[in-house]
Structure formats: C-alpha cells, structure tokens
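A, B, C and D label the chains in the order they appear, each numbered from 1.
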Amino acid sequence: MIIVMSKSASTDDVDAVTTRLKAEGFQVHLSQGVERTIIGVIGERTEEVMRLGAMQAVEQVVPVRRPYKLVSRDFHPENTVVRVGPVEFGTEKAVIIAGPCAVESREQVMESAAAVQRMGIPVLRGGAYKPRTSPYSFQGMAVEGLRILAEARDRYGLMVVTEAVDHESLRNVAEWADIVQIGARNMQNFELLKAVGQTGKPVLLKRGIAATIDEWLMAAEYIAAHGNPNIILCERGIRTYEQKTRNTLDLSAIPVIKQLCHLPIIIDPSHSTGQWNWVAPMARAGIAAGADGLIIEAHPNPQEALSDGPQSLNLPHLAELVTSLSAVAQAVGRTI
Amino acid sequence: MIIVMSKSASTDDVDAVTTRLKAEGFQVHLSQGVERTIIGVIGERTEEVMRLGAMQAVEQVVPVRRPYKLVSRDFHPENTVVRVGPVEFGTEKAVIIAGPCAVESREQVMESAAAVQRMGIPVLRGGAYKPRTSPYSFQGMAVEGLRILAEARDRYGLMVVTEAVDHESLRNVAEWADIVQIGARNMQNFELLKAVGQTGKPVLLKRGIAATIDEWLMAAEYIAAHGNPNIILCERGIRTYEQKTRNTLDLSAIPVIKQLCHLPIIIDPSHSTGQWNWVAPMARAGIAAGADGLIIEAHPNPQEALSDGPQSLNLPHLAELVTSLSAVAQAVGRTI
Amino acid sequence: MIIVMSKSASTDDVDAVTTRLKAEGFQVHLSQGVERTIIGVIGERTEEVMRLGAMQAVEQVVPVRRPYKLVSRDFHPENTVVRVGPVEFGTEKAVIIAGPCAVESREQVMESAAAVQRMGIPVLRGGAYKPRTSPYSFQGMAVEGLRILAEARDRYGLMVVTEAVDHESLRNVAEWADIVQIGARNMQNFELLKAVGQTGKPVLLKRGIAATIDEWLMAAEYIAAHGNPNIILCERGIRTYEQKTRNTLDLSAIPVIKQLCHLPIIIDPSHSTGQWNWVAPMARAGIAAGADGLIIEAHPNPQEALSDGPQSLNLPHLAELVTSLSAVAQAVGRTI
Amino acid sequence: MIIVMSKSASTDDVDAVTTRLKAEGFQVHLSQGVERTIIGVIGERTEEVMRLGAMQAVEQVVPVRRPYKLVSRDFHPENTVVRVGPVEFGTEKAVIIAGPCAVESREQVMESAAAVQRMGIPVLRGGAYKPRTSPYSFQGMAVEGLRILAEARDRYGLMVVTEAVDHESLRNVAEWADIVQIGARNMQNFELLKAVGQTGKPVLLKRGIAATIDEWLMAAEYIAAHGNPNIILCERGIRTYEQKTRNTLDLSAIPVIKQLCHLPIIIDPSHSTGQWNWVAPMARAGIAAGADGLIIEAHPNPQEALSDGPQSLNLPHLAELVTSLSAVAQAVGRTI
C-alpha cells in the first residue's frame, strides 16, 4: 500500500506514521518527493493501513493489492469452468439461458420450456420469488413455482435457474433448482451471500445496479470464501443518467472481468435495455465482446406477462435470435 | 395513466388498445394529436395498463399517479411524528443521533455514550451487525454488541439505533434496540422490509446508494403496507461519477421528500462525505435545508476505529459541531 | 403534450390553464382521472406549453412529440448515407477510421497512414487541435498538423478526419480535411455547431461525455437546421460511477439511435475503454450491435505518444483487429 | 508519482521502466511488495511518467501531485478575494446575484433590477447569449440585451454578470458587463477559457454538468494560466441518475473546494433543482455549507418567461428568501 502524506505534513508527522507501521510489523519505504512524502508499506494486512487515513497529516492511502484473492486471476490464471449437470459455463461454447421473467402458471412454463428445448437452449429461467419495487405487485408463486420449474426440467431435459431472496427461499431454491440466482438488489446482501456460499450449488451472481466491478468481485469473494467456487457472473446493466434504456449495459465489463478474474461471465440484455426490440443486437454484441453466455427473457405472450412484458421476446423472436447468435459466436471462435 | 401510441400506429392499433382497456374495466379518453394519438386511461390498476407497453404500436405508457399511497403526502397532508421513547422525529426540534460506526468494545461504547449524553444528544448509534464489502473485514460483535448498546442506553438514558441485516439479526435488534436501521445495501431487500414492517418498531430507512427517490419511497411503502408506519427516512449520499467524496450527498432530496411524503427525513453527513473534516459543513447544510435530524459517526479515537475511522469525528469535534448546529437550527425556525 | 395537474388543483386552476391554452390557439382535451386531471394539448408550439410548468397547480408537463425533426426517423424513414469522397457511411459496409490521437510529427503520421492504407482502412484520423484537460499539456500542431494530414491523404489515397475546436480552427479544418470532428467536450458548443452547419462538410459528431441521447440528437439537429445534413454520430463512452474503464461505452445507443434517427452511427472503443487491450473486444461488439463503423486510436509507438498512449493500439494489433472485424461483420450481414 | 507494476512483471520489465525514467532525469525508488513492485518517481514532469501506462507490464500510474498549481491552496494558502467594482467575492460577506434567466425586454430587466436593488442585492444576472438545447428555442437578444443590462446597471447601481459563448460574444460581454459568465456547457471549451483568461475580467466559471472537481479546477487553471486570476467558481448541479430534480446540487463540493483551492465558490440553486419551490431551502443550505454567494433566477412573471420559468422565483418570493438567508449567514458567522 502507499500512503501519501499531505503537503503540510512535518517530519514528526511522517515519523508518527512510520513508527506506528513498524510497531504493527509492516516494512516501510520512504520516498521524499518534490512536494509530498510518499510511504510505501509492505505487508498483507490492508485494514490496519487504511485506518491511517483518519490521521490529519495523511492525504490518502492508496491500496495496491486487489482486495479479492479467491476469485482473482492473479492467483488462478486459468479460466474456471462451472458445471451444471451436462452444461458448462466458461468453455468456448457460450451458454444461452432463456425463459419468462416470472413463473405465472404451469401452462406458461411448459410452453416456454418446450420452445426453449426445441431451439437447443440448455437452461430455463423463471422467477418463483420476485423482488418487486412495489409491495402491491405480483410477488411470485414461491414453492408452487419451483415445483412447476422442476417439472419442466424433468420433462424437457433442461437445467433450471431461479432466484433466491432470503434464507428460506434459498433452502427451497437449492432443493428444487440447478442454479441459484442472486439478483442485482441482493448483490450486497452479505448474509445471503454467506448462505449461498455454504450450499455449494452453482450461483448466478448478478451485478448490483450501481456496483463497481470491484464490489461485484468482492461479492463473489464472499461466496467463494464461504466454500462455493461455482460462481457465474452476470452483467445486467448499470444505473446511469441515460433514461432511454432501462439501464446501461456495460459490455466493457467483459474484458475487464476476464483480465481480473477467472470466473465465467454472462450478459442479460433484457433487463439492461428494458425493450424487447433492443435485446437481439445487445445479445449479439455480448457474444462478440467475449461473454460466456446470455440470459434472455422470453414469454409465450409478452402482452400478458405479469412482469417485464415490454422487455420480453416472444418465442419466434427468440428462435430468430438464437440463429443469428450462432454466426456471431463462430466469428469470434466460439460456438453456441 | 397515459398511453402514447407510436407515430406509425394505425386506427386498428388504437382500437386494439382501447378495446382491451374497456374490456378490463377502464375508462378511455382519446386525444388525436398532430403526430400521435394519446390515450388517457382512468382507473386504479396501474399494472394492467403498464403491460400494454409490450405492444409494438405503443410508444410509451406514462404513469400519472404516484405508485405509493401510505407514505404519500397526497393522502396524509400533515407531517408524521415518529416517537421513540421520549424522542420525537418530525417536530420543529431536529434530532441528533451520534456514535461509533461499529460497536468494538464495552469501553468504546461507554465512552461514546457518556460523551453523547453530556452533549445533549438523545440517540446513540453503533453497529453490531456490519455489512462489509470484504468478507475478510470485521463483521461486528452481533448479540454481544447489542448487549453493550443496551447497557449504555440504560446507564446514560439514551435511545439506541442499530442495523439489522437479515431475519435473525432483526429479531435480536428488535428485542434490544429502540430503532431498527435498514442500511443502504438492504433498501431493496424486500423480505427484510416486510419483516421489519411486521415488528412495528421505529425504523430508520437509509436510501440505497443508487436508489431514486421513488424507489426509496416504495421501500418505505413496503414497511408501511406490512403494518408499520413508524418510518424515518435517511439520506446518506448517492453514487455519482464524482470520486473526491465517498458519495454525493443529495440534500435536494429534503425539499423533494417534504413535498411528496409526510415522513421525517434525516441526513447522514458521515457516510456521504467519507471524510471527517467535511462532516460539519454538510451537517449544518442539512439542517438549513430542512432536515428533521442528523446521524453522525463519532469515535473516541478515530485512528483506531475498526471501520470508517477517516469519516468519524472525534468527541471534541462532535461537541463543537453540536454547538454550531444549534445556531443554524434557530436561523430556520427550529431547535436542536 | 400532456399537462398533469396537481392533486390539489381546483376547477378554477384547471380553467385557468385551459383558458390560456385556448387563447394561444391550442386544442385541449380534458381527462378527469381518479386523483388528478390530465389535459391533452394539441398543437405544435412546445415551448409555450412547457412554460405552464411554472404554475403552482401544474404538477408536470409531459412532452409527447420528439424535439428533433430533421434528424428524426419519423420524418425520414430510410437510412441516410453520408458520402466522403469514395467512402460511404450508412451502407451495409462498415467503415473503419484509424490513426493516432494527435499529429506529433510528419514521420509518425506517414508511418500510420502507410499502415492504415495497407490494412484497407479508408479513413485516417489524427488531431491537430487538441482539447486537453490541462493547459500545460501538448495542445496540438494546429495548421502545421493539418498540412501533414493532407500530405498523408494525397500520398496514400485516404480520407482524413480531424477535430475543430472553435471558429478559426474550423475554417482551417474545413479547408484541409475531409470530415470535421466535433469532439465530446464541444457537443453543446452551439456556436460551433451552427458554424459547422454552415460549412456543409461531413461532420463526425461525438456524443458528449454526459449527454443524453436526446441532447445528442438535438446537437445534430443544430447542424442540420443550419444547412448541413452530412452528419455521422459517434458514441465514445459516457461518464458513470465505474472507474475501471475511462468511460462506459454505451453500445445500447446503437439500436436506440437506429430507431429514433436516420443518421449513421459509429463507435469509438479507444476513448471509452481507455486501455488498448480492451479495444478489440469492444470494437467487435460495436459491429455486432449494428454500428456503421469504428474510429480507433493506433500509434506506431504507443509508449512515446504525446497523448492517449495507454489506449492506442500498436500497428500489428490494429492489423489483427481488422481481420477479426471482418468475420464479425459478415456474421451480422455486413462487410468491412 | 507512483508506478504499480503488474503482478506478472519480471525483473527485466522493472528494469526497463527504471532505466527509461532515469534516462529522462527522474529519481526512482523501488519498493518490492508482497505481490507487486511499486516504483516511486520523483520529478515534476507528470506527462512523461503517465505515458508509461502504455507498457504492458505497468498496471497503473498513480499521480500524487495535483495537476493544478495556480488555483491550488497548496501554493496560495489564503482565500482569494475577487473584486467587482465595490463588490467582493470571498470575504465573510456572502454575495447574492439575482435576475432573470434571459434578457427578454427592457421592461422585464428594469423591473427585475429595481426589485433586486430594493432588496439590497448587489449583482444582476441576465442572459443575452443563451446556449439552448434546441436550435428552435429563443437564442437571446445578443448585443441589444447587453445594452439593456448596462442601462439597468447604470440606473440602479448594480454590477452585471452575463454569459459569453464564443470569441465574438466574449468581446461584447467584456465590453458591456462586469463579470463574464462561462456556462456549464463551455467549461471545457478550452479556446474560450484561454480567451477569457486574456481579458482579465472577473469570470464566473460554472462547473460542467458532469465535470469532476479536478476537471473544474483545471478549467480554472486554464484561465489563470492565461493571465486572469479573478475567478469565481459556481456549483450548479451535476448530472446523476436521479430525475426528480433537474440536476443534483453537489453541496459537498464547497468544503472540498475550500480545502483544495483558494478561489471563492458560489451556488446556483435554480438550475440544479429546476423547480422554484425547492430553491429557497437549497440556497439556505448553500450558505450554511460555507458558500461565498448565490446566483438565483428570479423573474417578474415566471409563467411568461422565455426560458427556465419553472425554476424562477417571482419577486416577492425572492424578497422572502433574502430575509431568511441573512439569519442563516449570521448563524455561520457571516453576513449577506
């Protein structure tokens, strides 16, 4: 770490810092600059050093090491492959996940699952527990929804991903589904992260709506540090000043994550754009940018959807998209 | 609500929309503009109308009514006063809350509580459950921390506020403390909001780091809709591109909230600025802008704090601040 | 336009608004909702209606028509093709522009131009007038730089794009170059927009660093309204809270612009990412998302570049990128 | 400056960097950390060092010195007082500027000026050159407007501030007005900054809508470096995701600027909130936070204003505000 002393810091101020650091077991390198003194600090305990930022003579403390270890590519140079039954995330084959925003009925899920299977899509999505902005909105079918998803999985040979929102729903999701989704709103619900870490189930970890890449990786680190390395990251759009799209899809996160981290990363072009006719170009862009997969909202009848209808593809549009994705994947040396 | 048809919408498209709306029991007013047809929709069920946004001929659906009811000033014109023992939030007397970020030891809390009481501050803060970005950071003293806070309360005649982070910690906080804090990261942890709604305890609801004012009020609506009207809103800085401060304190939220909502609102100048020497001016600004109170981090020895030391006032600085706040409060017709 | 009256508006308030509107020649449709009165206003003069937002009984004025006309796809459904000598922007062939950030010397430009030509890239970029954050940074070679660019153009048969920053530099750029670039910082320099409108030269209009899509299209409308329809839009990253990348490349702007506007749009993956090894994936993503071209910074020796070295490709990396782009273009039915 | 080498950097990579730096005349301090090598670089030429960020083995270059000199408090610890006739910005007396957004007519300006003078406000504002988002909006009365402002000044003994938007308008404004305003959209119009630097006239430099504090200070540095130290900074709201207010007023910028810079800073509560009834609380908050003044939009008849009516105070509301400001100023040891 590096401590930048303020311009007005005296020799005594510098001594106070270095004495304290040495007493705490750190090695210290002084660099007397033209205007300011810089102190290089060598040692592993970041927090003790950050604390010095409270001293008046310290202008700033600059951390040099990345705060995450288990998910960092520095310590694990090869890509991690997350296995979900026969499906693998993180190989040259990009994985598509598709299905309705919410489980609304047995019929709706079966129709979606049949279509998804026909198109060669290996994973079905569908929310049974729905975190909704309004307490008056449809909150999901809960366990009944999970049962329907499980039936669809068995009938159509699909893997199933669905969201958990607290300890109780996590227990149920871990029992009935193949991948546990942690939604954007819960990305820093650390108690939930610890609990999903203990399940060992594959986790789809969405980026929080205003999470930095470092915070997102720290959320993954929570899961890994509690025993679960099976993490799939999902970029789903970040909040910016632009209001034409629901959020701003941050595709640059793909090469950044690939550089910093060994986990697979997929893209959600549905929540980020918020409008069905912008989903296909952003899905193609995601694959071209190097994503390991996509999660796409599709509904047999978007105009009747109980949530997120405007951003859902109908099934024929989904089929068209899958075809076009295959060509883009090939162009960047991958398959779908 | 208002439905704006796309410019290319045909008469049949317009008919399809109006027919569907009438069948669902809405009244409909057509307005044929120069370029587009606008459909005014009268009725209470917002979601059914929003769903039409999935139709290709519909350009946008503009909601007119606010999505919140119980917390809206439209339906409750007078200010709500939230009572916490002898302390009232929402009167002309602004309430100060102060104390350390985290409970670290019995001594640290007792020293803080004694000082706070001496300064006439009626509410003590201190975290027993700490949501930390890193899994390797100090996570709080949990129940042991709650016991220390309760002891300080009894000894110094203070009210106590502390954060709950999941169902289990909520049960403990509700038992030991006077006000349950819901932190910024959990503002849209809807299961936690429902649970805190059921406790009936006074709640300090922090604004999420990237929450819009509408989302924040909807979070309050969750708590109210589950039976708990005792809600104190807390603006604590929002995430913007500016990096000099930890977050950007959005003081304009005070007059906006006062216009839209009847609940008290307080300001956290510590987390928003992230630096102790910027806390006092922003605290004064908050009171001048009409805040109903402040929550301030203070520590007997900020350089040894286990979290948030750089933004914590030491106790003499806190005492100075309280004095200066009194003058500002008076200038805007209030007291401290 | 739609006027939403406040919930407390009286019948007299509503009458005051409608009387004024009718006196100004607007048609008015009243919609008496459950809570609020909505007034549909028919007529072309937006500003007169927006002004009513200053009345206390008016809650908000919602514009329905888009504020731009000349650049709107509503009034010009086919794509515009902008011709620059033999090069066309807006056809199925995506156009690549490449070259150094700044013109630094004759040798540097000639080496870049030769390489660019060899790779089949038809347009050379290079800044002669450099808007720099610091007054102490290299400010560009001005007319001398323009002469070097023109020599490279003649020698290698390339088109040349370079930035104008005020009236004087605009006169020079319009004389020596083929495309006038208006940079992000000048996107709302309306006097410059008017002047470039009067030149009639093809314009590359970069999106302002925090410009909404509507503001960007209004900037294009300024140029068009002053007589110049030859506008190429360029998305170059927007400012968000995320700091890992220099800016956040908003690729979703491509389908949004394609829906709203008939002008060609290209992508700048260099300024947005700020790091050379993230340029290639974002360039490929841009093409996959439907961009009509790319503008890429490349330098014979990035480590010696006087500006933006860290985000510049060296020439071998540029050549590799061009090859890979061709495959992606083909996958989405286009060519390079 | 500090160079952080990447984790995979070899000894040869480190040597290459240090050799180059020494050859360029820098002193170099090596710090071999647990994971990475850090190189402390001592010397004044920032740009040469930043350039090394293009080397693959370099992870990041961290500048330590601030990029501004002339406007930095490091080199000029006392507050600067900017004198405009008899008015001083930067003393314990906070200065109020008020008047209409745009000069619309002689009558409108005279009525405003008379009222402003009656209230003891020393500076009149009014735009003669209006940078408008739409080319179809009122663009200002230009020189005719300047003449009206000058007449009002002479008649009522006021100082006058008005905006310049390019070289030509700058010449006129510098001739007719007392303070030249550089608007938010032109904060990085560096050619205009250079020109206003050469005039020597007092400058009101608004913060760009998405400018960081460092960029804002660098814009001031441009003016100072071109010979003009008479700079008044003006915070006017920044662009964030929140849409309830027109922009987000960043009052924390006041203590931050006061720490980094010796120039006076004032607040614009009108443009930032965008709604007249939120102006007064934010004006009071600005003074409480330590602002050296305020610039407030006021209009004899906001509902007829040609621009920004909804955010303009009428004259009685302005008078009320001035009274209340006086009490707040006193509470923080200042006067109005």
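As a working rule, contacts are C-beta pairs under 8 Å (C-beta built on N, C-alpha and C of every residue); 3 or more make two chains touch, one makes a residue touch a chain.
This structure is a prediction, so every number in the text was calculated from the model and none was measured.
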{"item": "Third chains touching both chain C and chain A", "value": "B, D"}
{"item": "Pair sharing more residue contacts (C-beta pairs) when A-D is set against C-D", "value": "C-D"}
{"item": "Cα-centroid distance, chain C relative to chain D, in whole angstrom", "value": "26"}
{"item": "Interchain centroid distance [CA atoms averaged], chain A/chain D, Å", "value": "38"}
{"item": "For chain C, residues contacting two or more additional chains", "value": "210, 239-241, 243"}
{"item": "Complex contacts: residues of chain D adjacent to chain A", "value": "2, 4, 7, 29, 31-36, 38, 40, 42-44, 62, 64-65, 74, 210, 239-241, 243"}
{"item": "For the chain A and chain C complex, residues of the former touching the latter", "value": "210, 212-214, 238, 240-245, 248-252, 254-256, 259, 272-273, 277-278, 281-282, 284-290, 324, 327-328, 330-332"}
{"item": "For the chain C and chain D complex, residues of the former touching the latter", "value": "47, 51-55, 67, 131-138, 165-167, 169, 185-186, 188-192, 194, 209-210, 215, 218, 221-222, 225-226, 239, 276, 302-306, 309-310, 312"}
